[in-house]
Every structure is written in C-alpha cells, then in structure tokens.
C-alpha cells in the first residue's frame, strides 16, 4: 500500500547580473517519478533569454538550458508536487554484485567528488565488520553525523569526499558525497540526490542527500539529519554533484539571489 | 564518400587464477557503429563461469558480466572488424555551448580521472590564446606529446590528469585523460576512447585515445602518437577510464595473461 | 671588490584588532649579514603588549614574539639598511653532492610547500637536459616567468609548489616555492628568501624570492621579475614560507593594515 | 632520581649494490644525550668508500656522509648503549604559546609529511574538547591505535599524514607522522623520533615514534604500541621523516640488506 502523499509548494527564484551573453544549464524542475507527482508547475524567465528544457530519456530529470543576454536575468519556477515516498525498508539486504541490475552497476564506480577507490581502505577499516544491509548504510550515516562537522564555508565547489574526510567538516552536499563514497567503497551502489527540502531553520536552500541501492531499490538517506527524506521534493539523482548541479554557469556572473523556497501545501 | 574499410582480426585472451568465486565486468567487445562493422565474432569462457552480455542502450558498448568459480578462469574473444573511420576534419570549428546537442553536454563535466575544474587555469594559460577549432585540440595533443614522457610504470590505476600533469609522465590512458581534461577545461566536450590498436612495437595491449566534439562530430585523437586513430578498433567511449575499463574485478585475483592481439586481416 | 652599498629606508606598519589575548610571531627585522648592514632601526609596539626578540643562533634571523591584549594592536618597525649584494655569478657551477657543506645538505629535502619529491619527474623532463650551473637556475626562472601567471588571489596560504604547478598561476611566494622545488628536484640546494622589495608599481608588500646554492654560495633569484634581487632588503631565509612567515598568528584576528614600505634612502 | 639504565647492543648492517658512484647520507648512529649514553661503538664500511661523520651542532644527531664506488657497498655499525629514559609524566600540562622556548616554536609548523594546517579542522573536531595535557596526547595515540590499521605496504615514501588519515592504514612512521600532525594542529609542539627498537616479533627494523613537548619536556609516544618508548635507542629527532631518514640515497641502487638488529645486553 502506497503511503499518503504529502503536498509541497515550490517557489524558486534565481537572479543574476550578466556582463555578457551567458550560457546556463539549470536543474530545478521537480522530478516526475513513481514516488513523486507534479500536480502543476510554471516557469518564467526574463523574456530576452533563449531556453529549452531537455528531459534525460533514461532518468527523467530535466535540464533547463538557457542563453541569457547582458543585464539582469531572472528565473522563477513554481510547482505543486505530491510526494509519496515509502518508508525506508530497514531490513533490506545488500545485493551481491552478480544480482545488481545492469544499469545500476556504474553506481559502484568512483567519480569526480566521490573517490571510493581512495577511501576503500578507510571504509573497510571503519565499516568492514558491520553486518551488511540497509542498516550498514544507516551506520555510515550515523558515523558521518557524529564525526563530520556541519560548517558553512568549510568547503567549496571543488571539494571532494576525500577533502571532507580530511577536514571532518562540510555542508550537505559534502555529507552526501561522503555517504555515496563510503557505500561504493563497500560495493553498495550509491548516488547523489538533490531537491527542495524543508529545514527547521531558514534559509531555504537546495538540499543534497544520497541514495543507496539495497534490497533491489534505491533508498534515500540524509546524513546531515537536517530534514526528513520522505519530505524531499526530488529534482534529480546522479553520479555526484556535477551531474545534478542546480546551476552550471559558463562564464563569470554576479549572483543576486538564490531562493529555492518550499512549504507544505 | 566513405573511406575504404580496413579489416582487422582481434584475438584477445585474458586469463586469471581465482582463490574464490569472483565477479568481473569486462569491456572487450568491439563496438558496432557507423564507422565500424563487426563481420564475425566469437566468445569463449571457462565453462563453469556464468556470464551475460549487456549492451548499453544509449552508447551501444557491450559489458560482459562474469561470475567465475575458484581455479583458472580463461576468456577468449575473437572478432573480424571492418573500420572505415573518415579522416579527421582539421578545419572543424569548436561549437558554442548553446549549439551543443543535449546528450553531449555532460562531456564538459570533470570526472574522477579528468579534473577539468582543477586544470582550468593551466589550460587557459597554455591554450587560451590558441585559435579555437579542431586544430586547437591538435595543439593540445602536440603539447602533451612534447611535454609528457611516456614511461611504463610511472602511474597506476588511481592516477588522474592532475597527477599526470604534475609528473609530466604517464602511459596511454594518462595521455588521453590529460587530453580530455584540457579540452573540457576549454569548454570542448571530450571523452575517453578505448580499443584494440596496432603498435609498431609489441607487445599488443589495449589502447586509450580520446575524442573531442568539434564541428558537430566526435573526432579521435592519440596524443601518444603511438598508433593511427583511423586504425583503432573501438571498444567503447566513456567519461573516463572508469567507464570503459577492459576489466573491473571485484576481489583479489592473480592475473596470468592479458593478450589483446590485433592484426590487419 | 665589494659593490657600492645601496641605502634603503624601511617603514613597516602592522595593525590588528583582537577580540582576545593573542600570540604572534613576526619576522620583520632586517637581517644583519655580510651583504647587508643595518645602520639604524627602531621598533614600537602598542604599549600593553609583551614581546621579546629572539635571534636564531645559526642563521641570524630575528623572531619577534608578541602577546597582545584584546583591542587594537599596532606595530611599527623602521630601519635604515645598506645592501651591498654582489652581482650574480652567472658562470657558477652546480656542486656535486659530496662537495656540499654539511649545513647546506638539508636544503635538498622536500618541505611542506616544496614537494621536490613529487615534482622530480617533471623537473627532469623539463630541465634534465639543460647544462648544469647557475644558468640552469636562470632557465628555471625563465620557464616559471613564462608559464606561471602572476594572479593575485589565485592561491592561498595552504598552496604548495604542486598546486602552483597545477594551476599555472600564483603570487610571489608561489613563484619562489616553485623555483625552490624545481632546484631541489635537480639536487640543487635551494631555500626561500623574504624581505622588503621596491616594486615599479605600488602597493608595497613583503616579497619572496629564492636562493640556490651554486659555486659555493647562495645566489638570489626572482622568477617574478618584479624586482631586482640586488635591491631586496633581506629579512630571513628558510626552508619554505612556514619558516619565514612575516606573521604567524595563534588565533583569529582582524587585520587592519599591512604596510611594509621601503624606499631608496 | 634517574631510572636504572637498560643496556642494548646494536648491530646494524646495510648492504647495497651500486652500478655507479653513489652518494649517501645515513643516520644510524645512536644519539648521545642526557637519557642515553653510548658505552662503545664501531663503524666499518667497504674500504673503497669515502666517508665522514657530521654532528649537527644543535641537536647532536650524527650524519654519515658516504660516497661509494660501483660494486657492493656494505656498512656495519655496532654500539652498546645505556638508555635511562624517565617514565612519562602523565600529568604534565600543555604549555601556552608564550611559554614555549624559542627553539621549540618551529615544532608547531607543518612540514612535508605533517600537514597540520590541513588537518587542523579534523584535529579540533576529534580532540578539541579533550582536556589539555600529556593525557590528551595519549588520547590521540589511542585514537590512532584504534582507527589506523597497521599494514605493511599500505603506504610509501611519499605518504603524508593526510594520506594516512585518508587510508586509515600505514606503518610506524605513518602512525608517528599522524601523531605529530594532530599535536601540532592543536598547538602542541611535536617532532618525529627514530631509533632502534625491540619488537615482540621479528624482523628487526628501524622504528619511528614521536615526541610531544608538554610540561617543559619532550615526551616520547608510540601510537603503534609495538614497543616500549623507554626501550627505544634513539638515533635522532627531527621535523618529520625527511629530517631523520636512516638513508638518503642520491641515485638508483639495489638494496641487498637492511638489518638493524638490537637486543638487551
């Protein structure tokens, strides 16, 4: 039986000042999936900008490609989304390599921000003796929560899971990258998940969690414990933050506002 | 008009000794594509091994998934392949971000072995003033050939483009990773390409080159200058070596033989 | 015959705002040496601060140790210094390991900011075939000047020679660290040198150069070419920037002013 | 009252095969110090080798500089040494920066293998809330012992404290580097200490521990717990392994034997 859907209103405003014609790729559209249904949505951009929305045929996430002219560029995305994510199956087992679906296999590989090869030795020292299963991923999340300090400004856009492990500090995307990396190092497929999240304390912001593939399903985890995985309005999943950046900007811009607001409808 | 096809015979033998049941993913099958046609092929494995071949629906490359029992495990892949790769279009222009096809966009992103974000500053210092186009990629290849020493054993499986740039030494996959990375740093989409190559001097080995997307097409480059791109029997292209490893082995094994032979048919 | 001394007036003001009692170690005193004579000097600190000057018995450089109370802390050092540094002996040979004085030997070793072990391969590829001698160090300086972009803000206090080599960008201390590192990698003893320098363009700042040990003497080099080595009023030499930092501060402070002025007397 | 001295016999054999004239710097001589007295010693080298012993005037450690001709080069150092190291004063307090002796100050700085700046954040997260003093250094040693796996071959001569922290694995010198680094990150002066140690299980080998400066004295710690600090026959202390390497070799050699034997006399 499906859980009762929770309804969320998204209201996301992005605003930049451009000195020259600039290309962007945004990932801000809510994902339409089995667990998440978009009831309505709207997108409004500065009228002089060219844009198109590209939907990835395999994953379903949407990319908003924009070319904007010099001057102010504003974007507003609104959506009403019903999220009905089932509770985590805490007894789910890890899967043998041979059992993994073909298309999941690549989620075992290290990526730019998730050097699971370099952290394999540490992952095995720390979690090699923990009983396998969904609960081992929870143990990893507990370890991250206890050992890594959430500190705004402690990392930047080039920081990887190794950097975060070295610093024992980071922000949500760093926590998630470290979770992904420790899982992959133990042969548990894992990937980054980003979306709109409600936090107890403002400001609203894009949020990053991670998913691990256990018991034949992707389960969502938030090692920051800042929000409830069942309440994440998912935008996209990907190998790591480079696959799912809310904005990729080609050239220097001045950022005026990043306001990804979300509230219970 | 299409170039006259060149015919190659592939005869690839891989052999391992296993102490326990072991999972493998191999990428050894020649690619069927517009430029490359498989006239015949055969695959033979130690009979006790379970296996299946998975063809990626988007790129077409094939993954051979194997679970082999303790003892010797042998694999032999033979193929007759016709390669008709058109000559490089040296006048091909670089493309504006806005012109890039949707599915090519992600080839601008940094990956595990290709930290184009970290080498962006160096790439711009070295090649920022070179006229854009296919010829700029050739300039990058020339620079790599002149500055990076080809030295067996100078790097290992964790070495990235940054490591290679620091060492000024590497092997074919390192040369290719550096090419990919410098291109991406200049907003030229690029990806790794691996296959069977004929070298002037033995031993035969899997070879890595790279492709850059210029003039609306993927063009193949070999910064090692060890073989002719028109004579590469392509196995796969991917973000970097992790996507296209000829073998990914889950667990410790003893390697007995890696003999990817190729000759003109 | 000794060169005619050049006279310089140093007027160095440092100013901080402290929220709590804070310890400092400064290296701002001009060095008294064979090539450099202090004609007069004065030091004035906020009167509530405790301080002492420690002169290193081996090198002669002076450390100003300070403990300052909460509030504003100001320091002013003035000196009149005669510098009579002989011109570089461009024909000086490199020395065999066995000929190096005992106390110079350690200047071949890698340090925090100068990973000569990691850059050994690149140094040999780039400069291994250049004829040895003082002129080879000049070739290294030329290479740095041509290839590394001087860009304020491109590096920070944790940046090492490897980082600078990767970025192909840096500031004076980075240029000097890279010079030190490439020399050591070629078995030429080298060390960092810092002091007061006159630049063509303001603002005045502490400057870093490096020294290489050739022909039985330490010779001074400035790969930034921003100032004349004969006009550097030397403060100290050391293994790398950590040995000769103008300020080492134990705790968070607000910096109000760093004004190391120098002019021809 | 001084502890009863323990007597040790050192018998250290080093043997190399050289293809060309090669320079070496060895640090194999036992240190003469307040806690350690050399009762007798002898040194014998292949007769064709030139050598000299250089005693560092500040620390007292001895460097054996050798130039050996092509062919076999052998070295044998024997010594009878009385070690009377007082027991660790576990109540010793940490010292304020302002109280540290001038010559100890530099032991707060990061070095090639001990990047205390990069690990400052982790050190504070892990040990910032532990009560200061000698016992905090013991807590650091306990943490290292529990979290870092002793694994021969897991690191190499370029591995730093950060690498070891990332791998959660290393050998004695790595454990000691990590101890040094975490101490410095907390403003506790620390340095590497190497010597001859008796292990429960063979083979004999040079051993690395570290010293922390607490309560006005250098105290010795062994985070590997493989041997008793009171039984280390000290060779040298230094900033990190580069300062106290038992051998620094200028050029390629073939190592035939490294046999640093020690036993109770």
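Which chain is which? They are A, B, C and D, in the order written, and residues in each are numbered from 1.
Everything below uses one rule, namely that a residue touches a chain if its C-beta (ideal position, glycine included) is under 8 Å from a C-beta of that chain, and two chains touch if they have at least 3 such contacts.
Quick caveat: nothing in here was measured; it's all calculated off a predicted structure.
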Exercise. Chain B-chain C contact: same residues or different, taking over half shared as same?
Worked result: same
Exercise. CA centre of chain A versus CA centre of chain C: separation in Å?
Worked result: 45
Problem set entry | Junction residues of chain B - those touching two or more other chains | 118
Seminar exercise, completed: Full set of chain pairs in contact is A-B, A-D, B-C, C-D
Exercise. Inside the complex, what are the residues of chain C that reach chain B?
Worked result: 118-119, 121-122, 125-126, 147-149, 154, 162, 165-169
Problem set entry | Touch list for chain D against partner chain C, complex | 23, 25, 50, 54, 57-58, 63, 65, 67, 96-98, 102, 105-106, 109-112, 115, 117-118, 157-158, 187, 242-243, 248, 250
